[in-house]
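Letters A, B, C, D and E mark the chains as written, and numbering starts fresh at 1 in each.
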Amino acid sequence: METIPLILLILFGSALLSYVIGKINFVLKVGVALAGILVSGYYFLQLYGQAQSYTFRLLGFDIIWRINPLSWFFGMLIFGLGILVAIFSTSYMKNKERVDFYCFALCMTIASMFGIVVSGDLLSFFFFWEIMTWASFLMVIYYRYEAQAAGIKYFVMSMIGAYSMLIAILMVYAQLGTFSFDALASGWSDFSVSFQIALFVLFAIGFGVKAAVMPLHTWAPDAYGMSPAPFSALFSGVLSKMGIYGFALLMFVFGAGKLAGSVTTIHGVALPSYILAWFGALTALIATLIAVMQDDAKKLLAYSSVGQLGYIILGFSLNSSMGTTAALFHAVNHTIFKGMLFLSIGAVFYRTGTRKLSEMGGLISNMPYTFFVVLLGIITMAGIPPLSGFVGKWLIYEALLEKQMVLLAVVAFMASTAAFLYCYRLIFTIFLGQRPPRFDDVKEVPWTQRAPMLLLSLLTIYLGFYPYGLLNLIGQAESTVMGLVPMNLSQSILFNDLGHVSTIAVMNTVGTVFVIVFVLFNTLYKRSRKVGLKDIHTSGEVPGPEINLHYATDFYQPFSRSIRYVLERSADRLYGQFANNLEGFFDVLRYVYTGNAQTYALFVIMFLAMLLMFTNWLI
Amino acid sequence: MKEDWGKEAGNIIARWARKHSLWVLAYGTGCGAIEIPPTMTSRYDAERFGITGMATPRQADVLLITGYLAVKTLKRVIRTYEQMQSPKYVMGFGSCTINGGMYWDSYNTIKRLDDYLPVDIFINGCMPRPEGVIDGFIELQKLIDSGQANGWKKYQDNLEWYRTNQKKVIKNWKMPDYNW
Amino acid sequence: MYFDPVLMIALPLFAAFLIPLLGRVSKEIPKYVPVVMIGFNLYESIMMLPHSMVKPIIVIIAAWKPPLGINLTIGALGNVLALIISLVGFVVAIYNVRFVQKEPTEKYHMLYMLMVAGATGMVLTGDLFNLFVFLEITSISSYALTAFIRDRNGAEAAFKYLLIGSLSSTFVLLGIALIYGTTGTLNMADIAEKIQHVDSKITIVALILLVTGFGVESEMFPLNGWAPDAYSQAPTAIGAAFGGIVVKAGVYALARLIYTIFNFQGVFFFILIMGVITLLIAEMSAIRQKQLKRMLAFSSIGQMGLVLIALGLATVRGVEGGLFQMFNHAMIKPLLFLSAGYLVYYSGSKDISDLDGMGRKKPLLSFFFAFGAFAIMGLPPLSGFWSKFIIISETIRGGFVVVAALALFGSVIEAVYYLRVVGRLYFKQPNESEKTKYVHASAILAMSVLALVVLFAGLFPDMVMSYLKPAATELVDKTAYIKAVLTAGL
Amino acid sequence: MSDTLQKEEQIKASINAAFRSAKVSIQRKGRIIVEFRGGILPAFASYLKEYLNFKHLSMISGVDWPEDNQFELVYHLWSYEQSIHVMVKVRLDREAAKTKTLTPLWEHAETYEREIHEMLGVEFEGHPNMRDFILEDWDDLPPMRRDFMTREYVDEVYEWRKGREDAQDVRQTIAEQYNTEVPNFNNEDK
Amino acid sequence: MDTSFNLWILLMPFVGALVGLTYMGIGRRIIARVQHRYGPPIFQNIVDVLKLYSKKTAITHGVMFHLAPTLAITGTISTLMFLPILTGPHGIYLFSFKGDLILLMYIMVFGCLAMALGAGQSGNPNSAIGVSRGLSQMVGYEAPFVIAMVTLMVQFNTTSVHDIIKAQDSFVHWNMFQSPFAFIAALFAFLGFMGNKPFDVVIAPAEIASGPPSEFGGKYLALMQTNRGMFAFVKLVLYVDLFMGGAANFVSLLAKTFFFYLIPLFVGIVNPRFRTEQAITFFWKWPTVIGLLGFLMVIL
């Protein structure tokens, strides 16, 4: 049997199976789901470097499933994080209700995402896209009572995006008579410019909703925040990447990046791409600023996710090999560190039962492993060397500077600086500072949860040390699928025309200096004495339990005062008002149906009379 | 032999450094607090001796107690002293710290600071002028240089005695353990 | 092996009039008569399918050959619709077995049989006047069934239906008279043949009258004023049957008219526009409804709007999509209506706001409702996805991008209001711990059949489409049909 | 004279009319003394505040009268409009010294009441926050009572530094120095 | 080459710390003179650090607290390693050929983040408030700084510090004359960087008890003070490299860095303290506008 349908079959099958036999007991349902994902992951690994394709006809349309380096690249993210999330879930979901439902939705989501990346035609792309939407919707509404608003918002916005994409797909179909990517890739340049721009905009809306580009992001914080923690990791780490994959297809495989015909270009980038770049950059900045103000850990991460995805889109829209490499590299990074962080927040939630930053504190001594993971996570997220986050950021800036896009570069830099704020807030309010007495007995999470997080941490250290392997993979995808000339690579140093940085040297320097200072410092001096949490300078007062010593509420209050112009405006509220006004309009309209028989009869007569008056129209 | 030499050299340097860098935590109780600003600022400029004010006990070397200590304040002063890092010095400032001063028969003011904390040097007067304060600091520097300013050691060695005295006046002793 | 297709009409009619007599014998027998009779119809239409796909089956009654005599013309289209009607009829009949408790049950079953027989007749007949007769049979039984719950609202709804229905019948009759007067024949194929030689000023009037008449049954805006009331006030099963049976027959008649009989190209665009308007206004009204069944009624109208769009495209592919959509709608809407009926019954209120937490109390019913909602929203891999996809695809191929966008906008609204209900079912805390009432197995069976069909059609759309393709071809390419009918007797 | 005291007389009249048990006397222009027995009535205080416009509670002080076996609490109220100072003197039994709190009327009464509670041992019913004020964990007699022997207490608790053994009452010293009588400390010249 | 290279790698941190601490001592002296005081000896800060190293006890609040000064100094030394200190034939380049300006901008944050984490674990609310203020203010001054940096990078079409230095081969080509707007913007950012008076709300001793380091004492504080001196040196050298074309020998390096050190010092002497949001809005107003003017100059 062909591998691709086999993988899809295994995944969809294990989804159904875990739901059906999951009624029996816990081990079975989780076991089936995990086994399904692992086995399909194994088959997927074997696809590396192969170019398989599987075609059949459905409803008179050609359906193509194929694998290429780009698909493999995204499939790697899906399975990599998917397996870890599944392992994490085994203990996380223990003793929770409706685990069968959870396993079903998890497998469905992974299956549909894999379906998306192996789709070689727009129809199956859209088909799997919709399955992914509702499967993840099921996950968003897992905590059902409080999740309603988040779920419906997510679903409706996804539908708007999907339908806008559908129109684009069908417009393509109307022009070409086929759904296949290849045909579109070769036929794109023959379209008229306005048609290309229309397609670009419609596709961008469709992918932009999933990738949470501002102002289409409003579903993301609620949906990420509401879904169970392991799934949030998958949601932000991989599911949002499907939007990114869409952009990759749009810009490079379809060829929208180099709009044919007479379109204004700015800095060598076509105007629509340039506008998209601004969307990406502003998303990065504004979402970051909003993230700084969040008190809910998952919402904070969600907004940060929106911001980071903005970077990725910025990278893509530059339409250069450097930018694309940056975007794809950052996509991997984002998957890794968002996986780490969401899983850690999940672990903290698992033990403490709260996600409110202001309610936690001082958990470092209780959950040292989790702290370590979050520490590495935020270092990566902030893009501080020597971890892998820096490589991604470096590539993005170099790509921007290469194109001489100064303002975009400044905005991107600023967003990255502002990201320090929420990074620190996240780690401080949860793990540092004073611990509330009720969390004194909190323990570290079990190994099934610790292991996935630690694995991801190792990965980020490795990539920070030696990004060459991944960059090479990206280069392959670029040259074979995306029609770009990949950037020059060297095993030891990252470079382009503008500058260079040696990740190995950075890692070595930091490591060596740290070891030397650490050894000197700890051998020259006696051990210091450990004191209690409350043994701090409080002007001599011995603080009682009623005194709050943890500064976690309104952490960046002065900052919020200076960016209140941003915070006062909310796209979410705007949409809410718009929807309300629309419903008010519908309310007026529905009085066409008066409920009065005479009126209805009058309608019939009027209809007839009207038709008789305008008979010419009908001939 | 060689080790001793190294240690000795280190001690000399350390003493010299300690002497010339006195970071003061001024515990401003009573009227003495008003004498500190002129001491530190342009008129008398204590900074030229390396004397600087510090905000927290963790960073400070000298605890300057400027005036009478009520029982309630004493508790805080002890706490503050115990949070400082050794070597640390206590300066009693004004007659109140010596014998209660004008509050000699008050039911709520302690009479002898050295019963509760190891005072390295007293400055008498009610109040002592800034010149007196600086003189006190110079005396302290001399003591440090000669290795006599070892109140912190005394406190460690006689902790029991100090604790008994402290607990005598502080009825409700709810304090963390001393960690030096 | 199939029996004489005449039996598909004759037997139910006969059985319908037999029911009151049987009711005298036993209270139980009338319940099962519809199941058996419509089951026979189902069997019959399945068996005929392979034959009618190849070429229309012409049944000549009383040896008068077409165009002179009355004949049944079972083309692919008619057969597919007969299959849909009998499938829905059968499922609803199963549901009826235990659901109908209110006296007089035998009258209910009789009327129901008449309605199904009438609708089947409508799609099978080849004669225009017969079409009118069967329409009347269907309509009159529908009026009666609407008022079956003998309360004020039911009577009001039935009266509205009756008023508008009679108006439409009048117009239909007038239209038929005009055609007969000018062409001198009532056989549809024959009319199609002869009408080309008639002055178009006359035929356009006939067309307008007929479109208005059948537009009422096919829920075209603004002729659908009866629908919300009738759907929501009739017994649940009848509401389901309206969506699955009556309206389908009406749409069939409309399609026959504009495709086979008349030869006007402008009318297609008109139908397309009316479809969009119907869709949008229905969805916009549905979102503001407070009663569950009224909401479903408006949603039903909206779906018919989509079908009208498909019919208005006048391409084989478009009509295929439309037929697929009709099929889906015929399967999903009864599913929704039946589960909604039980939900309304258990919550004790028609209001959506009283459905809080039913997902906890009635997991299976809520699941069926949610399943139906997901299917009708057009989520893959359920069948609604494919039909919607094909229709929108053809709309855009026809160049009507704005129409497609509006239709999709309607879909978004649809998603919102269905999700609100599903949200009520699952996301709200139950009001009080309900004593669990028993859902009868026949209802579960009926809903399971529908759900399975929907899932199956979604997973293997090609199977369904292979039957719809000849039907659509027959409709669009009328020459083959005319030829088959007119040469049947030779 | 009579017209200059007009406002005061008016106030006196209105207090007398409303509260029979209050003994009102006008000490001089702008100062009225109201004497009360058995604790202040919150009703009286709020009458002064709301009807006679004494919005401002300047302070509450306490005096120990061991001779009468009584405590006296003095509430100093001030009216900004009329520039009149009212001293409400309240006498409490020493054994069962208890009165109602005024914190609902004036929030800052909390601190004064805490201090009086600590120094004299008067109970304030309904006081929201009767923590230690100045003396932490004081377990002796309240120190401002006349029968609290300060010197004995100090001798017992604190250790004297040498040189203070012959210390004596400063008033004695002054008297010796200036060759005068030791003044009589009793408050008889009231 | 190799031995001197290794020697400089070992020595440079100490040199940096000494220079930085001495500058601070001189700064204190200058402030004292402005205030009509005599002032401490110029090596006062070094004495202070020595004293702190000689402290006999130290307390820790946990792992992060213990590691924070170490990590901070690691970050600073690493930054130093990627910075060209002296240019020319007898230059001290260390590893600066292996990284560019973007690396420098990011690796500088490493130490600050470590400090912030350590301060966080100390459990003192003042520390957390200080960190919160510091980070907020950083977003403020990062705006003009980033604009200036991007201007330079675009102007010379390189991100390598070496190339930027090379482009300023003579006195008139120094960036402070060549692109004055970027220079002014960067100078404003420098005020924030150095944390001197108008922008010292982070450590504001009278308000929040010296903020982030308020719980650090003894050897930890000693390490932190060393780090502070070294970090000042790093920042000064970076600015000299970027705007004064680097320095060919130690004398000119000291002169140039001292010039840069004086600017925030004098601004600080005559100014009171900004509140956090005032500081942020200040940075986002004029310095940013000036920086954007610099942009226009480069683009046009």
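Going forward, a contact is a pair of C-beta atoms (placed from the backbone, for glycine too) under 8 Å apart; a residue touches a chain by one contact, two chains touch by 3 or more.
These numbers come from a predicted model, not from an experiment.
Peer 1: Work out which chains are contact partners of both chain B and chain C.
Peer 2: A
Peer 1: Could you set chain A aside, keep the rest fixed, and say what connected groups are left?
Peer 2: Groups left after taking chain A out of consideration (others unmoved): B, D, E | C.
Peer 1: In terms of C-beta pairs in contact, which two chains are most connected?
Peer 2: If you count contacting C-beta pairs, the leading pair is A-E.
Peer 1: Considering only mean CA positions as chain centres, point out the chain farthest from chain E.
Peer 2: Ranked by distance of C-alpha centres from chain E, the top chain is C.
Peer 1: What chain sits nearest the middle when you go by CA atom centres?
Peer 2: A
Peer 1: With centres defined by CA atoms only, which chain is the most remote from chain D?
Peer 2: C
Peer 1: Where the centres are mean C-alpha positions, what is the separation of chain B from chain D, in Å?
Peer 2: 40
Peer 1: At what distance in angstrom does the C-alpha mean of chain E lie from that of chain C?
Peer 2: Distance between chain centres, rounded to whole Å: 78 Å.
Peer 1: Between chain C and chain D, what is the separation of their C-alpha centroids in Å?
Peer 2: 94
Peer 1: Just how far, in Å, is the C-alpha centre of chain E from the one of chain D?
Peer 2: Here chain D and chain E have centroids separated by 61 Å.
Peer 1: When you check chain A against every other chain, which residues touch at least two of them?
Peer 2: Residues 529, 531, 534-535, 537 of chain A each touch two or more of the other chains.
Peer 1: Going by the contact rule already set, what residues in chain D reach two or more other chains?
Peer 2: Residues of chain D never touch two or more of the other chains.
Peer 1: Quick one: which residues in chain C touch 2 or more of the other chains?
Peer 2: None at all.
Peer 1: Which chains touch which?
Peer 2: According to the stated criterion, the contacting chain pairs are A-B, A-C, A-E, B-D, B-E.
Peer 1: Give the list of chain B residues in touch with chain E in this complex.
Peer 2: 10, 13-14, 16-18, 20-21, 23, 41-42, 45, 47-50, 52-56, 58-59, 61, 84-87, 179-180
Peer 1: Under the touch definition given earlier, write down the residues of chain E that touch chain A in their complex.
Peer 2: Interface residues on chain E, with respect to chain A: 57-64, 66-67, 69-71, 73-75, 77-78, 81-82, 95, 98-103, 106-107, 109-110, 113, 116-117, 120-126, 128-129, 131-133, 135-136, 138-140, 142-143, 146-147, 149-151, 153-154, 157-160, 209, 214-215, 218-220, 223, 275-277, 280-281, 284, 295, 298-299.
Peer 1: Flag every residue of chain B that touches chain D in the complex, lowest number first.
Peer 2: Those in contact with chain D are residues 70-72, 75, 98-100, 104-108, 110-112, 115, 165, 168-172.
Peer 1: In the complex, go through chain E and note every residue touching chain B.
Peer 2: Within the complex, chain E touches chain B at residues 28, 32, 35-41, 44, 47-48, 50-51, 54-59, 205-206, 209-210, 213-218, 221.
Peer 1: Within the complex, which stretch of chain A touches chain E?
Peer 2: Residue list for chain A touching chain E: 362, 364-365, 368, 375, 379, 382-385, 390, 393-394, 397-398, 401, 404, 406-407, 409-410, 413-414, 417-418, 420-421, 423-424, 427-428, 432-434, 493, 498-502, 505-506, 509-510, 513-514, 517-518, 521, 525, 528-531, 533-537, 548-552, 555-559, 561-562.
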